[in-house]
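Some structures are shown below for you to check.
Shared chain: chain A. Partners: chain B in the first complex, chain C in the second.
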Partner chain A sequence: MNIKKIMHVENLTHFYGNQIGCKGINFDLYKGEILGIVGESGSGKSTLLKCLSGEISPSAGKINISLDQGGVKDFLSLPEQEKRQLMRSMWGIVHQNPRDGLNLRISAGGNIAERLLNVSEKNYSFLRNTGKYWMEKTEMDPDRIDEFPLSFSGGMQQRLQISKILSSNPQIVFMDEPTGGLDVSVQAKILDTIKSIVRDINVTMIIVTHDLAVVRFLTDKLLVMKDGIVVETGLTDRVLDDPQHSYTQLLTSSILQV
Partner chain B sequence: MKTGFNFAYLDEATKRMIRRKILKAVCIPGYQCPFGGREMPLAYGWGTGGIQVTASIIGKQDILKVIDQGADDTTNAVSIKNFFKRVCNIMTTDRTAEASLIQTRHRIPETTLNKDQIIVYQVPQPEPLRKLEPKEKETRKLHAYKEYALMHVKLYEEISQFGSVIKTWAYPVETNNRYITDPTPIPKFDNPKMNNMEALQLFGAGREKRIYAIPPYTKVKSLDFDDHPFEIQTWDECCSICGSTKSYLDEIIINNEGKKNFICSDTDFCKSNLEKNK
Partner chain C sequence: MKIIELKNVNKKFILHNQKGTVLNVLKNINLEIKTGECIALVGKSGIGKSTFLKMLYGNYLPSSGEINIYNNNKINIANSLEHQIINLRKYFIGYVSQFLRVLPRVPTIEIVSDTLKQQSLFDEHSLIKIKKLLSELNIQESMWNLSPLTFSGGEQQRVNLAKTLIGNYSILLLDEPTASLDDINKSIVIDMIKSKLKKDVTIIVIVHDKKIRNEICTREINLEKYIPNDN
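Let's look at the complex of A and B:
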């Protein structure tokens, strides 16, 4: 089987003035893979994710992407229009705070429809049915499709955001602590949902978290970050069960103590 | 002509500037061109944008018609007509077929316009995306990148809430397969007239200082869904004056008991139709 490489990252570096955000990052991402980024607070996880998803332009480095159509492209030199188009349909960002990813002035169904309308034909029943389908898949009540995001709980808003992003069948999904702001019991349920869906639709994903349980549960490959650099990388089970770097050893032992 | 005014009130330099903007607008159908609007002897909201466009293109041979909500004899229409009579000394008419230049607010005449005519719309809000996206910088990007999903989301929301699209006026259109355009607050009944119209359509927004245009024979499509196609208003009644069943009807209450009657909103059309049927 020949698995397609869809992202190649080389020496990716970002400084905020003199402050290191992330430095010298290298990795490849293959279709269907789920890559976890872990590390303590301030280690550069969000900075790296923002560089990868086009939210900030890195100070240096290279990102090659391979799209379903159009071959390999230099992501960092894409015109703004193409980057926006990618984000609106083929890629998707699930924000930690669902309000950053939802339009609060339109209904749940409208939020999903907006994403679909960037690519689909203009057919109301299609938008309606796809909206309900994805609400069901994320374990929401599809009868609430006409309600507004603010009438949902935080956990439900996060499910709605995930529905919206996945509805366009994206090639890559970026998540930065998608359950960070939620109650622990709600977090577990949403992670369950994410896990069952990503296995189901074979989506490619990069997920930032500092929860090693999430990592074990969800990811195939892992980048461990500290002070802006990647200190260890490899298959998730290998890194967690046989950590090589002293920082990773500390990280994995701390989770055992909990 | 009264002394102290240039022909058509605006000075020649201003007229030239506006004409250049009109030419640009014609070249990019439906695109909103900013222009350096001038103060007019009229408050914003009274058609200052339309008046500046009209003043820039009107010639001594032109025959001007001005309508407001379809009627030639309303205060606003009459005062604009008088203004141009005074500053241009031109002929005016109520007859759509006789006019070479028509300035309008809220209607397109029922009589089909021809290639020798120009219609100038007064525009209160040129930006069809404004209610959905308040930031000007962002709406410009949405137009530039043709990111119009939000516009259809608006229609989606109306169908979900009310079973059909309830917007009945200022119903957005796509011009020449490209720019989404505000047709001004005309009833959606008039939208199909914009499609492939023989006459040049010009739009002037005074407060927002924007000019846009739809050249003759341009495709203008009202936004809709495949399974919820665009439809115009229809009436069970006919015009109680001329008997027309094909025109846009205004509902009027004619007595204290609230008895309603329907009459053509286009007064010239109603009159001609009545004469024809006599």
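Let's look at the complex of A and C:
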């Protein structure tokens, strides 16, 4: 079995002035892997995600990206335009608040089609069918394809955002607290939807969350962050069930039992 | 042919937030398990039987030593990349924990189907196979489309067993698979374990009932001899 390494991160560091955002981050991500980044607020997990997804330029370090068509690119030293192009065509970002990721002035179908247009798909009926297909896949009613995002509930908007991102078949998906703003009653179903889609299309994903239940069900491996550095890393259930670092032990023993 | 090999395996827990308490659990484990063996782990409660099983699954990390799994090649589960362990768990090693752990609101039948989907074995015959297995385990048809989280302890355990036994694994790790079952269901599960053994599946099981051990196991491993001296 030879699984392709699609991202190699080395000594990634970001400072806000004198303040550490994240420091000395190293990891490899393989095709089809789902990586969770956990830690309390201020631990640097969102900073790390933003560095990885290209939203901010880190102060130091290296991100090597393996392209689908072969070859490796040193992402941080690419010219700005090439960076943007790579991000648009290969990456997808699912925001915590679906309204940040959706275009509220166009229909559900339009939102899904928008990404595909970016990767130069122009056939109208193909776009429409893809829209319906993805709505169905994320357990939405495809008959609502012409409705606007604001007529959907929060959970449905999140499903729509996930449809929008996954329909363009991105190489890496970044998710920031994907179930963060949702009612507990819809969280589990969305997690189940994400999980089954992930298996179907073998997508690679990085998820930031503070919710250990989310990482247990969704992710394969974990980075545990505290004060900007990674204190522990490994197979998700190993880190949660047999934590080695004192901070991870604190984190896992602090979960309230319902 | 050896399928599992433990070399100088030690396990201790360091509880950093409880005054750095060190619990030495198992020490100097050196042993080999061959394909098709059915091994019972024995020893008094708290000795580390579940810990042993969890280390074989990569769920607990040995403090030192190697745990080699022989698939086509050798994989040291104590020191491998995450995706290698995940791949091993998908196709090679199945684990039935003492308690069922599933997402809320997912129906029983989907939970069992999921194993086959993961192994890319789900086809048009699969549902019939799954329904047959659930019926054999006395899970009533009216419950198949319900989440097992509201089921009784015994029913949850049988769903937990169905979820793993439906798969095509070469190694099965079973943590008290019959603990909360009545006699009828116990003998059904024992028969299922026997038919896995006929297919040359290697099984490592924790089971307290000596009668059951005598019925299915080819060898006992007593963990008493791996207790560290300093305890």
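Here is the rule we use: the second predicted complex is superposed on the first by the 252 of 258 C-alpha atoms of A that agree within 3 Å, B and C clash if a C-alpha of one lies under 4 Å from a C-alpha of the other, contacts with A are read in each partner's own complex, and residues count from 1 in each chain.
Simple rule for what comes next: a contact is a pair of C-beta atoms (placed from the backbone, for glycine too) under 8 Å apart; a residue touches a chain by one contact, two chains touch by 3 or more.
Bear in mind that the values here come from a model prediction, so they are computed numbers and not experimental data.
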| item | value |
| --- | --- |
| Contacts of A:Tyr124 with chain B and chain C, given as first, second, both or neither | first |
| Touched partner set for A:Ala113, first chain B, second chain C, both or neither | first |
| Which superposed partner A:Asp146 touches (first chain B, second chain C, both, neither) | first |
| Which of chain B and chain C A:Gln81 touches, first, second, both or neither | first |
| Touched partner set for A:Tyr30, first chain B, second chain C, both or neither | second |
| Set intersection of chain A contacts, chain C complex versus chain B complex | none |
| Sites on chain A touched by chain B in the complex | 81, 84-85, 88, 106-107, 109-110, 113-115, 117-118, 121-125, 127-128, 145-146 |
| Partner chain A, residues of chain B touching it in the complex | 141, 144-145, 147, 149-150, 152-153, 156-157, 159-161, 224-228 |
| Sites on chain A touched by chain C in the complex | 1, 3, 28, 30, 32-33, 188-189, 191-192, 195, 199, 217, 220-221, 234-235, 237-238, 241-242, 244-246, 249-250, 253 |
| Of chain C, residues touching chain A in the complex | 13-17, 54, 58-61, 81-87, 103-106, 117-118 |
